Every structure is written in structure tokens, then in C-alpha cells.
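Across the two complexes that follow, chain A remains constant while its partner is chain B and subsequently chain C.
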Partner chain A sequence: MTMRVNFTVNGRQQQADDVWEGESLLYVLRERLGLPGSKNACEQGECGSCTVRLDGVPVCSCLVAAGQVEGRDVVTVEGLADFARQRAEHGHGGRQRAEHGHGGCATGACGTPLQEARRWSAGGTDSQTGEGAELSPVQQAFIDAGAVQCGFCTPGLLVAADELLERNASPSDADIREALSGNLCRCTGYEKILDAVRLAAARQGEAV
Partner chain B sequence: MAPDTRADAVPAGTPTKVTQGSQSRGGIGESTLRPDGTLKVTGEFAYSSDMWHEDMLWGQTLRSTVAHAEIRSIDISEALAVPGVHAVLTYDDLPTDTRNYGLEIQDTPVLAHRKVRHHGEPVALVAADHPETARRAAAKIRIDYAELPLITDEASATAPGAVLVHEGRDDHHIGHVPHPNIVHRQPIVRGDVARARERADVIVKGEYVFGMQDQAFLGPESGLAVPGEDGGVDLYVATQWLHSDLRQIAPVLGLPEEKVRMTLSGVGGAFGGREDISMQIHACLLALRTGRPVKMVYNRFESFFGHVHRHPAKLSYEHGATRDGKLTHLKCRIVLDGGAYASASPAVVGNASSLSVGPYAVDDVDIEAVALYTNNPPCGAMRGFGAVQACFAYEAQMDRLAAELGMDPVEFRQLNAMEQGTIMPTGQPVDSPAPVAELLRRVKARPLPPERQWETAGGEADVRALPGGLSNTTHGEGVVRGVGYAVGIKNVGFSEGFDDYSTARVRMEVVGGEPVATVHTAMAEVGQGGVTVHAQIARTELGVTRVSIHPADTRVGSAGSTSASRQTYVTGGAVKNSCELVRDKVLEIGRRRFGSHHPAWATAELLLEGGKVVTDAGEVLSDLVDVLQDEAVEVEAEWRHRPTEAFDLRTGQGNGHVQYSFAAHRAVVEVDTELGLVKVVELACAQDVGKALNPLSVVGQIQGGTTQGLGVAVMEEIIVDPRTAKVRNPSFTDYLIPTILDTPTIPVDVLELADEHAPYGLRGIGEAPTLSSTPAVLAAIRDATGLELNRTPVRPEHLTGT
Partner chain C sequence: MDFLRPASWEEALAAKAEHPAAVPIAGGTDIMVEINFDHRRPEHLLDLNRITELSEWEVGGESVRLGASVPYTRIMEDLRTELPGLALASHTVASPQIRNRGGVGGNLGTASPAGDAHPALLAAGAEVEAESVRGSRLIPIDAFYTGVKRNALAPDELIRAVHVKKADGPQQYAKVGTRNAMVIAVCAFGIALHPGTRTVRTGIGSAAPTPVRAEAAEEFLSAALEEGGCWDSGGAITPSVAKRFAELASGACNPIDDVRGTARYRRHAVGIMARRTLGWTWEQYRRSGRTLEGAA
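This part shows the complex of A and B:
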């Protein structure tokens, strides 16, 4: 028994044929649609390496049966830069930033001011080794803060961190830890991932 | 549906050169950013599991369901009949008489022959057109097992009449081990323990147990084998050492090494777990049999069986000390469970014994370390490699000695700390800085995190900062705090006389009007940032801005393993050396072209800086572009660190190590004593790195290593059922690694005391932080609870006594 699945990935209509009913969304993305950015590290929803947005909600794509995404909208790490740019252009998320703001956060219960966050940025503008790739603020911050080592957890963490900053523009450290607690990283000890999210939040706040 | 953008000649995901420019100078000592960073954040970086080839098949391994058994028969007929299956292979299908492999001892069958020795041993292989087809076909292979008695620990291994895990051993260790179920034994005897013992005012004895830890790299074992028209094979794989794999793969396939062309694919972490062969030979066998490209990707369950683990250990220690706090002697015995195959066990034994004293000066020692052959899962390399288990035990001993003497545990350690010039138990002098006391001073001097840090401004409890976290188990009731310290010593590089070298090919030419350096090594970039450092070294030595990092493959000489904290030292050293040779050639060309223009060409010390040839006084002689014109300069050269010696098999004496690396930790924990849950609040580290070539990466390594040590302190353990020798928790649901909520703030203090023997004075750094992190956390939990806790990881029942 196989089926055809139609859904939108990163803004493009996609059709996958010969999908076996047991295949996951992750398998279809990686093996049928040529989008291997989402990673398979546990296939049981424990590690978050396969995190994508499904109709805006972060999900482990390894736990979503491919048939469930019929007619729905998926964003993967490959589409994150576009997704973030469109969000910024259409002002979506700006309202939330205004609500949270920076006021009254001097205790550190909210996020980190840009001035303070800049210390986690190791380099200036030398990071564009992908020669001209357009990056979302979270992607750029992960490079700048040294949050990438082997990088296998990175795609899932980026999707999760981007979603956090969309709904909470100025997260506290505890908020960041809670939001990313479904994403395992074995290389970094998470400190530089925290730095990266703080840096992205602070830069985003500055840009408003 | 096959994506139409993918060509069939070259597999999708084949690594290509990464060129990194730099607006600033970007040399050593700067925190330049990773050249592969952009690819990794956009999802374009191709890991070994991302490879794809037109017409490729999927390979699947069938593994044993029992730990020790005779194989009476294997029936593959049903599996072969499954539509979509292209091949089923067993031991009988192996093409040559070389049917075993191994890092040091070739005791590991490519596929089991008549017998399986551990749970999860590979028995058969399937290639099919869909991974699920391959899995279902593998499940249809019928194997008739007749179970054999189990060897699971030292007592059963050396009991009279014990079954031998390996019969007919002929390896080079069999002559000096007391029993064929012991892989290797290394005693170290120095001074006179009996006499020194008489001087002791206190004697502390302890028995310690260290659980089996998994590397748990996030990218499971995977790769793609593509059969070549010449009868050879192209293998794209994630590994730690391409040339070591090659030496083990080619003879099994019956191919000369030049017909097995290996390219490093993206590696999703390693930590020792990729030092041994996993799917490499299997994928090649299936590809050569079917004539089709074959991809193999382990799932997490299989990954737990697909690589070796950290040796679980039992350690017996006796220390003595005088009333004024000086150590008198040490007796210890370390028993490492090597499991069914040797892997790196002999070298782990060498490390465990030679580093068993820790970073302390003790003249009178009697040490023995052994590794067993058992029917437990094979164990081998993992970050810290034998030094980790010892550090857990000797640091617990230090705390107990200090308590017996009524001394502060840090002051007691400082009083006995080794320093430059101290003689190791092997008789080897420590001939570079050993700032052990200073590292301890630094972590202790750091302000403590505030008490009751979970309380918010409104007086509420933020459960995320409490033991139990989001499980919402306590709001501070029953929570007690403790503080603990530990320090450790790790060797850097391959020891005991191993010819530890690396190779670098460096090319310099003008491209687009600019001098560009290309660095080609076989170094496995596993996340550590070696590629970043190679570019920095090339910039520093050759004065260029743009550096291309060529993909690692076997078309260049061996780089040695990405392990033992050695790559920045050894392959970094090789890149530096090759750059210097390139520089000499460039200057030769310069002298030929322009020597008559300026006397400094002949007389001064010349450097390459900022794209120019300059004198050591800074005078510019020429642009590199003008010197090189259309000539390319290329050098490939091997580079070695100082040679080491084997340890004497009876006394353990010998200059066995190249360099040492030291780190100290202070752990602050909060323990819910009612539920036995631990929250590590802060885990501060101080480490001497000699010279930080890339400070950002150095701190990242220290924080990552620290967190792996935290994991084995409070949660990580592969549970092997002692009755069946079967693994009970091969999944991320049941084998827990720290999440971001489990991991505390990790402040890092980096010291840079140069080792004059090493390139740029650097020290290998990757492993040391994994050593002291675990005992520091244990010490803090003991401090909080008053419990003895001689076992790691600590589980809730150890804290509640239930």
C-alpha cells in the first residue's frame, strides 16, 4: 500500500509519490523531497533533531506520519531564513515584541540587552563563508556565538529557537532552557546555545 | 520521487572545498568562526546519513539477540524471497580469508562465525530497495542459537574452568596476562609501598564502581559505498580516522588499499565512538556484491550496539597520608570490563594505570590495571580514555583523606599537587607546566551562586531551577546544597611508543589576483573545530587571507585519529610544518626573482604577512602575488611529536606520554533528599590550555566535555542485565543524556602556560574537562547529603536509600 501526499514545504507545493503508510514526515522530507537538513538522531521524539514547524507548531517530524501532513504547511531549516524574512517584512511577531518589550527587565528576569549580548559574538562579519547565503537572525547568532560544533542538533535547535523568539521576543534564561529542553546537544554543553539565543533576541530587539 | 537536481555520477552530499576569507587577520589566537558554520545552520552540510545516489540500495544488519551462543544454523531463504531484496550475506559469503578486524588485535569478526560473543553482534546483512524492506527481510532470517555460559565479570572470567571468550589467542598480550580472559595487564611499581605505609598516620581504603557510559553522538553510524568500475569502491563515511579504517577494510574486501577510496562525510559527533569500524565493511560488501551503491544508516537502537562504550570499572584504592597532610603511598587495582572484543582496551589499560595516581606527587606506588574479556558489550575509546574512571576514584579518596585529617579538601589537594618536575609513577618527569594547585585555587576563588536561586522576585519557586525541574516535584522543601571539587590529569596524543604522526598537504597559489592557501589533510572533523584551526594556522604562517580547506580523504597521508586530544597538536603541527616548508619554497622563488633588488632577501629573517614578504623588522620586500605569479607551491609532509616509550610490562616504568592536560572543577548542587533528585546549579572549570589557538572553540570544548562528565555523574548508564548480558536501555528514552535544563551554567577560566615542546605552546584540551567534572559533582552530592556514594552514576535510590 502506497499513497500520494501533497503538502507545502517552505512555501512550495510538494508532491510525494509511492509513500508507504508507515513512513514519517521526516523520511519523506529527507529521502523523497531532497531536504536532508532535518536530522534523524533517535526516531522517537526524544532528541528534537528533526524539529520542523507544522502549521506553525514545532513538532518532531519523526513522530508525524507522512499521511498526516496532507494539505498542511511545513517549514524546515532549509526554509528558515525565508520564513524569518517574511515574518519580519509582514510585521508578524512585531506586536508580540511590543507587548513584551524590554521595560522593567533590569532584574534579568527577562532577556539580555544587546550591549551585554554582544560579548557572545566572537567575530564581526567574517562568518559568511557560505558566500552570500541569507541567514535568519537565529542562524547568524548560532554561528557568531560558537553554538555549532558537530552541528547535527543545530537544524532542530534553530527551528525551536526561532519559534521561541517569535512568541517571546525577550526570553529569560529559564525560558530559553524550557523552550529548548526537547532538543539534545552532545557537543556544546548548551552554554553557547544560550548565548546564541540571547544574542539573536537582543539583535532582534535592537532592530525593532 | 527522485529529485531531478541530483546527478548520478557523483553522490549527492559529496563534500566539497570550503573556502574561508577573513577581513581581519584571522590567525591563531583569534576566535575566528567555523568555515562550515553557514552550511551547518542552513541544513546544507552533508552528513554521512544525508548521502544519496541514483539507484542506491539500503543496507541492514541483523544482530544477535543473545550474548553468548553457538550458531547452529542460519536460514536466509525467506529473507531472500522478499520482493525488493537484492542480497543477503553471512559469514560464508565473505570474499577472502581475512574475516576479522580490530584496532590493535584483529579479534572482531566482520560477521559472526559459528558463535556470537555479545548481545547485538552482527550476524547477517541485507540490501533492499527501501530501508523498511531491508529491516523486515532481516527479521525473516532464522538463526538457531545454542546458548553458552556467560562471562560477565572478573570472578566469572577467571574462575577455574571458565569458558574462554576467545580460544586460541595469539596476540602479543597473551604472553604476559594471567588468564586468557584478560586482554592486557599493566602493573606499575615504584618506590617501596610497605615502607612508606609505615609513615602513614591515616590510611583510607575505598572500593569504587564506574558505570558504562555511551558516547551518544547525535549522528548515528552511517555511510554510502559506491562500487567503482575498476572493481574498487568509493566509501563516504563518518569516522575518526580514515586511514585506520582503510587498513582494516581493504584486506577483508580483498582489495589493495588504493582501490578503497575513502572520503570523510559530515560527522555528527564522535567522542571515541567512531574509532572502531561499524558499518564501513558491511556497506562495501553489499555494494560489491550487488553492484549498486549501498547506504547504511543505523537508527538509535542499533547505534547503541554499533559502537564500543566507555569501560565500566571496579577500582580498589588505598592511600596513606601523614598528619600534616602529605600523601605517603598509593595502592590501587583497576578492573576494566572490555567486553567481548579488544577494541582499544590495551591502551585504556595503559592510561588507567599510568594516570591512576592523578595529578599528585606520590613516590611509592603499587598499581595494577587489567581489562577483561567478557560477554558484555565491547568497550573501547571514549573521551577521557581510562583516565576518567581513575579520576572518579582518586578524587573520592582525596576528599575522604582530607576529612580524616580534618583538612580543607582543596588545601589538601594543593599540598600534594604535582608541578613541573614531578616524577610520574612511570618514572617520567613532567617537563612542562603543571599548574594543578593554581587551577584549584581559581575555581575555589570564584564567588558561589546565590542560595535559594530558585526563588523569584515574588517569592514563588521557579521549578525550572529546582531538582526535578518541570516535573514540579519540589518548591524547595527537602532541598540541600553541597559544593565539591576535583582535578584531573589526562595524557595528550597516542602514548607507549606508538608512531603518532600526521600528514598535511599545503598549496599556495594566486587565485583571482590574491594569494590563496589550500590545506588538505585526512583529519576527521567531528565537530571539534580542527578545520577552523587549520585555516588560522595557514593564515599565521603564510600571511594569506583566504584559505581553502580540502575535504578529508585517503588521497593524502594519514592524519592519525581525532582522539586523545591530539588533532590540534599533531595535525595542527603538521599543517604548521608544511606551511613552513611552503614558505621556504616561496622565499626561494622570491630570491630567484627579486634577490638582486634588495640585500635583505639574502640577509634577513623573512616572513609572510598580510600577503607580502616582509623582514622581521617589518620592511616589505614584495607582494606574494608578484613572487608567485602563476607558480603554485605545494608540499605534503609528515610531522611527528617527540617519540614515547612502551611501559615495562613488569614495573610500568617508561617515558610513555607526550604531554599532559589538567582541568579542575567546582560543582555546586542542590539535592532533593526526599526524592533523590539532583540539580547541578553551577559547574565551574579552570583549565590550562597552553595556548588557545581559537579561544571560542576552546571554551566550547571545555563546556561540552564538562557536560559529558555531568551526565555520567547523575544519569548516564548503559544497563547490562547481569543474568543475560543483554543491554536493557538502548534508546534515548531509557539512556538519558543531559538536556539544556539539566545542564548548569559552566563558567570557564582558561590558563595559557606554554608547553615549549608543542606547536605554539599549545596543549590538547578536549578530554581533561570530562575527567574532573564527574567527581566534582559526586563530591558536591556527598557534601549535601553526607552519603558515601562510591558509585557513579548516582541514582535516586542511592540518595533516598529506598
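This part shows the complex of A and C:
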């Protein structure tokens, strides 16, 4: 047997069909909705590369059963730039949005349409610097600090780091380590990742 | 496979009665790993996420009624004063992402000897509120763990909540692992001083087929503290009493050798943790002015 799951992804109502009952949210995002940003590395909650926001809360999407997200709100890395922009512009971050129930913004102008999310890339005019691309502050900071090597861990780290900065505008190093302790990176040695989060926090502070 | 999504607690109990083999899924942090790796293919998954009261808690006079699905993150952030031992233990679980989903109901459902909630629950004193269409009962935590990954639930029962005694004195939790985050305990030790009843309770994790209390150690220490008038005087615990307490805690272990550690190491480490956590909690008790509110 299979089922249909209706839920909000990056502020837009989506429907996934032919979902197997034991399937994970990660599988639905990648294989049914065509959103490969959330990475599948371990499928056992160890690496954090599949991190998404579920009703505002960072979770491993590989450990959420697809049927559990019916009617709920998911933000993936593909929607992070829009999500961060909307939060900055009119303050609806994940938590507030979850309280609105499905559908996100009432005007329908917010969120990231599925087609755009599928095509989403940090391209811009220069993929090395991110110039010209619509990036969230955390994404830009990861590029500027050199925190991306193979990039496999990056989507999960971005989602986790963005949520940290939403809740804590000036995190200590201990706060950053704690918030990112569920995300493994095999390339960078983490120093540049810490630099990136510090940089994003500092820029966020200047902007206020 | 069928995915059952009861909208209320009553519906969940009815579904469990109709399909006793149905596997409840709360945070999914144990179950989904098994399903992803094809270690388990239940006929029915019973989703508990829609039942809001499972994610709520009530602070009563004597105890906290902690809903089965309250995530660890909430326990460590919001219940530090009432349940300091469980809050400390919750903080050692995995990572933020896992703590945002997993909770005590799932830890009890899995009943792994390595589950971090268990030593804290054993030390604080707790009862598991189990319910079925037949009715509700309170299972004392000491009687809940019946074997390796086995518990006292009947096939038609679900865990509604855990009633954990509010702290009346200092509590501590210590865990041995290879690093801080994302570590299943090699072994763990929980301790709670109960000045109200002038007793000490403990819990040991990952060092026996089930989580256990170190009862001989508790009795020895309670008697030694009583005899020395220590509860009233706040007098120091002598090194020989601490040493004996540690030996008896080690003696309560019945560990195995496995990939995470040897039996001998576990016995040794439990003794060390028993001595240290006793030192920390007793210092806290003495400094707190020995009020019955204790310290968290």
C-alpha cells in the first residue's frame, strides 16, 4: 500500500504521491519532490546532512516518517535564502509560520515554488564568490569563510547554523559547537565552519 | 504496511487494541533507523505525533507528569529545576536534532540498557503511566525493565506519561563515552540525594542486561549518613565511606564485553562515576544550606 502526503515545503503547499508507509521525509524530499539539497549520507541520524526544519525545529529528515509530516511545515536548504529574506523583511521565521498552520504567508508571495527550488543553485554571476546569487547571510558567510569543501555536509550545516542565529544573535563558540554537534564534516576540520558562523553573526549584528 | 494516524489518545488506544503488534512511532529516532536499514517491517506503524497531550507536562506537588513524547530539548531547557538529573541526562543524548525529536517515552519503549533516561529515572524515583482500552496503571520504574530491550508493557498498552518525583535534593548524571556529542554510553551513573526521606537513590546504565539501581550501595550510604548525623550536620563524607559506596556500585554491575568497552572497564568506570557524583551532590547539599528544596 502507499499513501498521499500533503505538507508545506518552503512555504508552498505540496503533495507527494505513492509514498510507502515506512518511507522517510528525506526520501520524499529527494526522490518524490525532486529536492536533492538535503543529503542522504547515513540514514541513521549520525551525520546531520539531512537536517531540515520541521515546524521550525531542526530535525534529521531521515528519521521522520513521511506520514508524520502530513499538514506540517518543512523548510529545506533550497528554501533557506527566501526563508531568511522573509524573516528579515517581515519577521516570519519558522516558528511563527508553524503557528499559522499550513500555507505559510497569507499573500502567497512568500516561500519558494517547487520548480524554482528544484533548480535552485548558488550560481549567481560567480559561483566561487556567490556574487549575484540570492543567498542567505549564512550561505554567503560559508562561501566567504571558505567553509565549503566537498559540500556534502553543507546543506545540513546551513540549516542548523541559520536556526542557531535566529534564536541566538551572538552565540559563543560553545553555543556554536553545541548547535552544530549533530553535523559531521569529513573535509574541513570544522575551523572554517566556526569562522563562517562567527562571520554571519557579526554581519547580522552590524545590520541591526 | 499501514500507517495509522490517530488524532486523539482514545483513538490511539483503540488502534493499539485492534492491532496489538502495531509499532508506535513518536520521535522515530530509534524506529526509523531500524526501518531504514530494513531490520524491521512492522505491519502497522502507529504515529503518535498528532496527540498533543503526549508532548505536554504538568508540574504537581510531588512529581512531574511528563508526557511520553516531550522531547529531550524541552526537558533540558524547561525542567532543570524540577528534574535536574533527567535534564542532565537528556543533554547527553545524541545531538540537537535528535533531542528535538526523541523523548522519554521512546527511550522506555526501546528499553535499551544504554538509554540515558533510565539511570536518571531510577535515581529520582518514577512511575510509568501505561494505558490501554482496559484501563490505566502505574508501573514502578524498578519493575519496568524486564530484560535486554524488554519492558513491562502489555501488547495493547501505550505509555501516556512518566511520573517523575520532583527533586528534593541535588542530583547528578555521569556518562562515559568517546566524545561529548553523539555517543551511546559505554556506561552511565545517576544519583539523587533525597534529604526529605534521608535516602540516596542511584541508577546504572549500560552495565547490566537492564538499567539497574545499586541497591546495596544506596543502603550502605543511607545508613552511613544517618549514623554520622550527616544530613543535619552537613558533615563531610569520609574517603572510606565514599570508597565503599563506589565498590558496592561496581558490584551492582553485571556487564558484558562489547565493541564499546570491556566488562572490567565498565565495572571500574561505574565505581569512579559513583564516587565522583556522590562528591558533587554532597558538596551541593552542604553548600545549599541543607534546605529541603535542595539544589539543582
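The rule we apply is simple: the second predicted complex is superposed on the first by the 166 of 208 C-alpha atoms of A that agree within 3 Å, B and C clash if a C-alpha of one lies under 4 Å from a C-alpha of the other, contacts with A are read in each partner's own complex, and residues count from 1 in each chain.
We adopt the following convention: a contact is a pair of C-beta atoms (placed from the backbone, for glycine too) under 8 Å apart; a residue touches a chain by one contact, two chains touch by 3 or more.
In this text the structure is predicted, and so the values were computed from the model without any measurement.
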Which superposed partner A:206 touches (first chain B, second chain C, both, neither): neither
Please indicate which partner A:70 is in contact with in the superposed arrangement: first for chain B, second for chain C, both, or neither. second
In the overlay, work out which of chain B or chain C sits against more residues of chain A. B
Contacts of A:24 with chain B and chain C, given as first, second, both or neither: second
Contact-wise, after the overlay, does A:44 reach chain B, chain C, both or neither (first, second, both, neither)? both
Which superposed partner A:55 touches (first chain B, second chain C, both, neither): neither
Touch check for A:181: first (chain B), second (chain C), both, or neither? both
Quick check for you: in the superposed arrangement, does A:135 touch first (chain B), second (chain C), both or neither? first
Do chain B and chain C land on any of the same chain A residues, and which? 20, 22, 43-44, 46, 178, 181-183
Chain A partner, complex, touching residues on chain C are 1-3, 5, 25, 27-29, 31-33, 35-37, 41, 45, 47, 49, 94-98, 100-101, 180-182
Quick one: which bits of chain A touch chain B in the complex? Just the residue numbers, please. 15-18, 20, 22-23, 30-44, 46-47, 49, 76-78, 80-81, 107, 109, 122-131, 133, 135, 139-140, 142-144, 146, 148-155, 158, 174, 176-178, 180-194
Going by the contact rule set out above, which residues of chain A touch chain C in the complex? 1, 3, 20-22, 24, 43-46, 48, 51, 57-60, 62-65, 67-68, 70, 160, 178-179, 181-183
Residues of chain B that touch chain A when the two form their complex: 1, 3, 5-6, 12-13, 18-24, 26, 31-47, 49-50, 52, 130, 132, 215-220, 266-271, 297, 299-300, 456-457, 462, 464-465, 470, 526-529, 696-697, 699-700, 703-708, 731-733, 737, 739-741, 743, 745-746
